[in-house]
Structure formats: structure tokens, C-alpha cells
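Take a look at the structures below.
Same chain, two partners: chain A is paired with chain B first, then with chain C.
Up next, the complex of A and B:
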């Protein structure tokens, strides 16, 4: 039932939105009280990374919906290796996206002439990772159409 | 989709919404705003000069009619005579309606007509019994104090002091009668040809004759102008005469700043101090401190715009005055408390930008501390007087030396500036540093 549209679409969006709440409102609110961004107001910095992670979340929703839609197509039901290739490409695109968001953040800090410490970088990257490829993996793990439900990583 | 599925979805949506709202509310708390100040800058800034000028003005011109002034009119068409003549014409141009009142003073004050005023370029004007004997400037100050209104300007023209007691008395009178009533003072120095007896000295009267072709030999005449700073500046700007050198004018106003902006940044130190969203337009800067450090350093930049004609601020002699409020979980301060544990570490100034580092000692308890910090010129040596004040002055004018100079004019001006600093409590900028300490 959870693998059938439109419920799997709705649940995927809810899960990714929930992850966004955990990262953007939970982790970043904690970070807001604890991070030091030199002479850049913390609120400005947090707003900026919230925009980035929201972008990441939006892209992971779009990618997941595309996967759920294409997974329904018979072409992938009969050709699982092709489906695996597609899923992996989407997953790796999400991994790349998480690095890209981190790179954008680094460039932003360089432009502002400030830096943050390694632990804060790590926390922010893990949040990006959670919001992008982990969210994609999670929703495809649980809500992929029946035809392609064994395609996501670690699904046996 | 079945009804059962929709119910499950509705229940999930409700929980999701409650969680979302809780998180949003938590992330929107603004603890810094719980401590409030009067963020007005009216105690520092003077109103815009253009808006503070009345349409109508009443000018009271007091001319020293003692014997020592006679030397200025013994030379035909002297700068002094021309100044008086042109003053009447120039003063008319500054306002829509100008009423001029003329007085001569010495032993006593006497109101004179415009026709009598025009006789001020004749020696006989300075020979009236009952007036010519003594320069009682203090009586003019009393007159000003008793009659002052915001649309009044009082101009007092004299060669000044006959002895040191005059200086102290005049300073005291001006402080008590003018500064306490928010009356500002302008001091205009003039040099005019002179041929006569000089009385205003520690030595017996002596004869002095300036050289016609040597302006440096001309004798000093001083005009003191009493009003609000806007009127004084307007009057001076309108006195367009080749004899008036506006570099020989200083203003001692009730406030010295027309505009200021601030910037606060933290130095690169290994202290867990983070800058929070601040309101620069109100000069409010918020920080989080998660460190056991007993003090923090902050870099401060002040962009200062002073009103024209004031003595130069001595940026090496800037003082700070601090008050603070606090808020803990248990208690809060209702009123601001003077706080002496804020120090200036170093200071430098370039044109109108002051750069400094301040050290703030932070109390031990976890709390929100809000510091109001004023920057002030030192009341003792917070201003640097222009050179002309010293050039006009001598501690002992006598027939052999400094014949044309004014007895202790520099001391008079220095004391006047100090009195004004103390009375007006000049401030050049202020800012608010809010520190939320959580260790």
C-alpha cells in the first residue's frame, strides 16, 4: 500500500520535509546558539545554510518523485539492471549535490572573509548529506514501486 | 485512496504540524529584546541647522565703549569701524525679519539708538562719563541671561580683559548664566588698526600705534556671540566681509555632533564569542558568549560628523562612560547601573573616523548583559584650540612685548571650553553591546 501512488508520493514528501525540519530547524537552531562565524552575524549565516538545505531538500523531493514515477513504468520492471543504473545515477547526483552545497558554503565564507571550525563544517555537511542522498535513499528504500523495490542500496 | 488511508494521513499531518509549530516558536525567541533602552540619540545630536533657524530674529549688539576702544577709531576707516558698519547690513540677510538693538557698555549698560550706534566710529562715543571708566562685561552676561530667548542673538564687541580677575569672573558668569541655559557661544577674533592707549594689561596704560601696512601689528578685537548654535552659525556665515577671517572663529555649542554611525567587530581571538543579528541603525550589537573569560575585547569604529567651527576634538583624550542592565532567570535590573569596568585599550583617529578597542569585564553570572557606552571628549583636554587663540593671547602685554595682544585670551577660551564640556557633558557617540552569557 505504501508503495502505491499517490500515498508513496505523499509519504516521501512528508519524510523529506521531516528531515528538513530536523536539519534546518533542529540541527541549525542548535548550531545558531553554538557556532562562531567571526564578524558575520550568526543569524545571517544560518539563514544562508537554511536556504541551501531547503534547496537540497527540494531537489531530493524532485528526484524521489521522478524515481517513484519512473519505477512504475514497465520498461524498468522488465529491465532491473537499467533501473539500478538509473537509481545509482540519481543517488550519486544527490551525493554530488551535498558536496556542491558544501562548496557553495565555503565560497560564501571566503567572500565574507570568515571561517568556521572543522566540527561545524562536519555538522553542516552531515546535515546536507541527510537532506540529500540519505533522504533519497530512505524514501526509495521504503516507498519504491513494487517493480523496483529491491533496487535501492541495502534492500534485500 | 481508501478512507482508512486518508485518516492515517490526517493523523500524521496533525502531529507533523504540531512538531513544526513548536520548532518554529523555539527558533523565533528573541531574548536580547527583553532589555530595553531609550535608543534616541537626542542627547548627542543637534537638530539640523537648517530646520532650527527661526524666521525672525532679534539681535542685540553690545559695544564696549570704554576708553581702551578709542584707539580703534582714531584710525579713520579702521577694520573695527568697517566691521560695525557692515555688521548691521550683513546681519539683515540671515533671516526674513531682523530687529537690531544697540547698546553701549562699560561701567554700565546703555541702550542707544541706531543714530547713536553709527557714532561708534567717532572717538567721542568712547568718552561718555559713567560708561567709559570700566569694562563690566559681566553685567552684559547678566543682561543676556535675564532676557535670553531662542530667537535672540547677543553680540558683544570688546578688546576684553583689564586684569585676571575679569577672566575668572567672566568665565564663571558665562558658565552659570549661559551654559546652564543651553546658550552657545561663538568667539570671533578680529585684528584692527589701532592708535591710542592700551588699558587692558597688567602694566600702566601705554600708547600703541599699529603699522598701517603690517596687519600683524593690528590690535585684537573680540566679538562674543551668544545664542543657539544654529543662529550663531547662520550669523557667521552671513558676515561676508573681507575683514572677517572665519578661521578666526570658534563655536562652543551645547552639542557638537550632527551625525554619527558605529561599527563593532570582534578581534580574532580564541574566545567563544559570536556576533548575533544586530541593529546597526540603532547602534545595537548583540553577542553570545560561551566562554569563562572574564573580559572581552571589541573593535569599534566611530564615524563622527561635527558641526562647523568647533575646536578640534582631541581624539587622544576620549573618555568612555558606561551603564548596564542585566537579565537572569531569577532577576533583572529595572534601571541602568553605572559600570566602570569598561576600558579603552587603544585609539586612533583619521579625519572623522575613530578606531578603538574596548575591553569589557563580564560579570561571572550567566545572564544577558546590556551595556550602554558613551564616547566623550575629556572635559580637561578633550579639545585642541586653533592656533589663532594662542596668537591673540599674551600673559603680559606691555609696551615692550605683545603690545597688541589680549591679556590671557587663551586661558579665557580654554576655561570656557572646559566649562562647556562639564556643563553640556559633550558626547560624540554611543552604542549598545548586548552580551548573552551562557557557560
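Up next, the complex of A and C:
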């Protein structure tokens, strides 16, 4: 049931939105109180990373929906290797996306002439990771269509 | 429980039993059926084929005792006496009529009877070895079959069961054979009287036996091979030229003898088809299954489907062609016109599902079993078999037995669906690489090689509901199919394939 559309679509969106609430409203709110961004107004910085993570979340939803849609296609019932390649490509795209978001943040800081400490960088990156490839992995792990339910990493 | 006995007499009788078994495999048979085969030609190819089929069916049935109620495969329990072939002669070679009736003793001790024998039988009839059948001479068979050994199987078991019956007409017995050869046309009248008039069958003023006969009229032919006849110095043999004369003579004879049948089905075709090469008998006498055998088997099933009751009068049924192309509605499925539509629908549904099941388990199922555990990544496999040892030798043996039976079913269906047979609902080119041949392994198209090819095993567009479904859809259905966890591992495998085939058929075809 949880693997059937439209329920798996809805649940995936809810899960990714929940992760966004944890990262954007939870972690980043905590970060707002604790981060040192030099002369840069902390509210501006947090708004900026919230935009980035929202973008990541949106892409994560789009990628997950594409996977749920394609995974339902009968061709993947028989051709599991092809499904595995597709999932891996999507997953790696999400990993790349998390790095890209971090890179954009770095460029933003360079343009603004500020820097943040390594731990803050790590927290922000982990948040991006949580919102992108982890969110994708999580929803595909639980809500992939039956034909491809064993395709996501670590699903036995 | 009624005692259901199907007795196949001669090569054609064996082939009708074969068709009955395949219909039973497809869930169309009665709950229980006992089978006896009668043929003096023990090496006859048709008989041997049916003998192995009976053994295969029984093995498969016992291999999957826990198939769930909603799985109709092999619903019929087939029983046989330990020795279920009555081969008539104890001697395996060179038995002659003259030896059987002790002609040489008669000549010296009872000249009158010997002279009468000379009038009734030619020298060739008296001295031709009969181990390869009665060679189209029912007069020989009638003499030899007039005595059956009640102390030996298969008759020992048969009469013991008959003895135990306490209700009139509870023993339903169907004799099946051709009227145009030797064994069938001799055995049908002779056995009908022996069985019905036996002391075990009499119950006060009633009879325990409700006797049916399926008489098969000429429906196949062959070309006489003069070379074989000359090489083997065969003088007495069946020729197709005699088929119609022999049939007419047999029917006229039966008419005068007031045979004790309660119900008779007369089955025949119009233009006889060539079903094999010429053979006087033995293992070379093996023919491809024919559509007429399917119709005869349906007559058998109609007989066993009737409620046990005291027969009012003899009933005769016959079926004839309405057109050259046999479609579902033209099949004589039941005597009861009110039930025809629903029974035709059931027949169609079960035959289509069994065909699809047989096809996917013989190809995709078999391919999956040949892969190593780590190679199998299908959802249905991981869902149901990852934790069980599907691939232990015992399970493999059981499943392989059913795959072999399924392949035989497809071979039979392919044979009766050959275009000259006129039974045209199935388009066998969608799953067979080549048309079935006698003694040849069936060659199946691998659906995995072309999974997008539509799985239209039915020829006519009006039989199809969804034109777009293919093998990938079938496996998608299999992935979503639920089966009972408490079933044994091998049964789970069979039940999963069956249910996927059934659900896919319902989505794809008008059934």
C-alpha cells in the first residue's frame, strides 16, 4: 500500500518536507544562535542557506517523484540491473547536488569576504546531505514501487 | 464418494485419457478419477505416452499436496491400480489367436469347433502375432477380451472397489475407444457386458454401474508405407481405407446387440487428418494429439459431472462441426444448454490461465531456478524465497516435475492447435518456437529475450481486453501477488506463478 501511487508520492513529499523542517527550522535556527559569520548579518546568512536547502529539498522531491514514477514501469520488473543503474545515477546526482550547494555557499562567503569555522561548515554540509541524498535514499528505501523495492542501497 | 472409472481402450482410448489428464491438469476434471488402460500392444507409442503422463501427473499431485483451494491446477485426484495397464496377454511376444484358443488341441479333440473356427477366422487371423494389437480385426479382440482376469490388477482393484459400493449407479464407468480399429471396437461391446453383468455389479434388482461410452469415429488417417510392409513381411494390418467400413459395421453390430450403455457419446471429425506415419503397432505407433481427443475428453468430463441417478433410458450425444474454424462457443462443453455460457467461460478461463502458467514457469521460472542465489534480484523472489531454501534439491526436484508436466501440456495444446486441426483460439506461434512433433522436445520462445512482445496467446481480437500488456506487466503482477506464508516453499513457488498467470489473464483477455 505504501508503495502504491499516489500514497507513496504523498508520503515521500511529507518525509522530505519533514526533513526540511528539521534542517531549515531546527538545525539552522540553532545555528543562527551559535554561528560566527564575521561582519555578515547572521539573518542574511541563515536566509541564504535556507534558500539553498529549500532548493535541495525541492530537487530531492522532484528526483524522488521521478524514481517513484519510473520504478512503477513494468520494464523494471524484469530488468533490475537497469533499475539499479538508474537509482545509483539519481543517488549520485543528489550527492553531487549536496556538494554543489556547499560550493555555492563557499562562493557566497568568498564574495562576501567572510568565512565560517570547519564545524559550522560540517553542520551545514550534513544538513544539505540530509536534505538531498539521504532524503532520497530514505524515501526510496521505504516507498519505492514493488518492482524496484530492493534496488535502494542496503535494502535486503 | 462416487467411484469414477475411465477405461481407455486401444491407442485412441489412451489418447483420450491423455486429453482428459491435461484438462484435469487445467482444473476441469472431476474431484477423483480412476484410470485403466487396455491395449495388447504394450509398447504402443500412444499408450506409453499416456502411461508416463499418468505417472507424471500423480507425482506432481503428490509433490504439491498443500496447493490452496483457489488454485485449480491438478484439482483431480488421479488413482490407478498398481498395474493399471491391462495388456491382455501374459506372454510378451509372438502370441497368436490359434495359441490363445488352443486351435491345435481343438483340431485333434473337437473337430467341429475347429471347423467353426476355420469358418470364422482366416489362417492369417489365426497365425498373426497379436502383441502389436488386433490390427483392425475386432473379431479377434472380441474373442480374446471375453475373459478378464479378476484376480489380477487392474481388474482385482476394480472389482474390489465395485464390491464395496452399496448404492445403485454409484459406480460411474466410462469406456473410451475408437470404432475403426481393432482393440477399441472389440473392447467396447465386450467389456460393457462383462462389467455391467458381473456379479459384483448387481445389487438386488438394480445395477451399481452407470455406464458411459465415448465412441470415436474415424478422424485421422495415414499413408501406407509399402516399403515397411515388405521389409517386415506384414500381411495383416489396418488401412485407413477400411476405417469407414469398419465403423459402419461396428455401429450396426452394436445396434443389434443392445449394449448395456446408459449414455453414449459419438465423436468424429469430417475430413481425417494425417497425424503420424504408418506403423503396424509397437513403439513406432505414436501420433500427434488431435482436437477430436479434446472433444472426446470433454464428453468424458460431462459424463462424470452428472449427478448419480437411475437412468430412465439410454441417452446418445453427438457433436458436429458448425464451421471450419472452431472457436470457444463452438466447443461442446456440456449437455445442459442453460449452463453452456458459464461452462464455456470457465473452460476458456482455466485453459488460458493454465497455458500462460505453463509457459512462464517453463521459461522464466526454469531460467530463474538455474541462476545462483545472488544473481536473482526479482522482487517476488526476495519477498517470498530469500529466507527459505527454494533451491534445495528436494524443492528443485518437485518444481522440475511440474515444469516437465507443464511442457507436456504445451506440447499437447500446440498439437491440437495446429491449423489443420481447426481448433484455433490459441496462437501458439506466440510461445512455441516450432510446431510440436512426435517424440520431439517442445521448443519455447524465451519471454525474457523480448519482454515487450505482447503476450497474445489468443488469436482473435475479440478475446483480448488489453492490447498493451506484455511479459513485463506479468512480472509486475507477480511482484504484487500475495501468497500464504504457511505453504511449503515449492508450493509457494507454484502458487505464485499460478496466481500471476491467472490475474494477468483476467487483465489481458475477455475471461
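Here is the rule we use: the second predicted complex is superposed on the first by the 156 of 156 C-alpha atoms of A that agree within 3 Å, B and C clash if a C-alpha of one lies under 4 Å from a C-alpha of the other, contacts with A are read in each partner's own complex, and residues count from 1 in each chain.
As a convention for this text, a contact is a pair of C-beta atoms (placed from the backbone, for glycine too) under 8 Å apart; a residue touches a chain by one contact, two chains touch by 3 or more.
Bear in mind the structure is a predicted one, so any value in this text is a computation, not a measurement.
Undergrad: When the two structures are superposed on chain A, do chain B and chain C clash or fit side by side?
TA: Because the two structures are overlaid on the shared chain, the partners are seen to fit without clashing.
Undergrad: With both structures superposed, pick whichever of chain B and chain C touches the larger number of chain A residues.
TA: Tallying touched residues of chain A, the top partner is B.
Undergrad: Going by the contact rule set out at the top, does A:6 touch chain B (first), chain C (second), both, or neither?
TA: Only chain B is touched by A:6; chain C is not.
Undergrad: Could you say whether A:41 touches chain B, chain C, both of them, or neither, answering first, second, both or neither?
TA: In the superposed model, A:41 contacts chain B only, not chain C.
Undergrad: Now for A:33: first (chain B), second (chain C), both, or neither, which partner does it touch?
TA: Once the two structures are laid over each other on A, A:33 reaches chain B alone.
Undergrad: Tell me the contact category for A:14 with respect to chain B and chain C: first, second, both or neither.
TA: After superposing on A, A:14 lies in contact with chain B but is clear of chain C.
Undergrad: Which partner chains sit in contact with A:25 here, chain B, chain C, both or neither? Use first/second/both/neither.
TA: A:25: touches chain B, not chain C.
Undergrad: In Å, how small is the closest CA gap from chain B to chain C once the two complexes are overlaid?
TA: 17 Å.
Undergrad: Could you list, by residue number, the parts of chain C that touch chain A in their complex?
TA: On the chain C side, the touching residues are 377-379, 382, 386, 448, 451-452, 470-473, 475-476, 478-480.
Undergrad: Looking at the complex, which residues from chain A come into contact with chain B?
TA: Residues 1, 6-7, 10, 14, 17-18, 21, 25-26, 29, 32-44 of chain A touch chain B in their complex.
Undergrad: Under the definition above, what is the set of chain B residues touching chain A in their complex?
TA: Spelled out, the residues of chain B in touch with chain A are 1, 5, 9, 12-13, 16, 19-20, 23-24, 26-27, 265-266, 268, 272-278, 288, 290, 438.
Undergrad: Mind listing the chain A positions that touch chain C in their complex?
TA: Within the complex, chain A contacts chain C at residues 73-75, 77-81, 146-150, 156.
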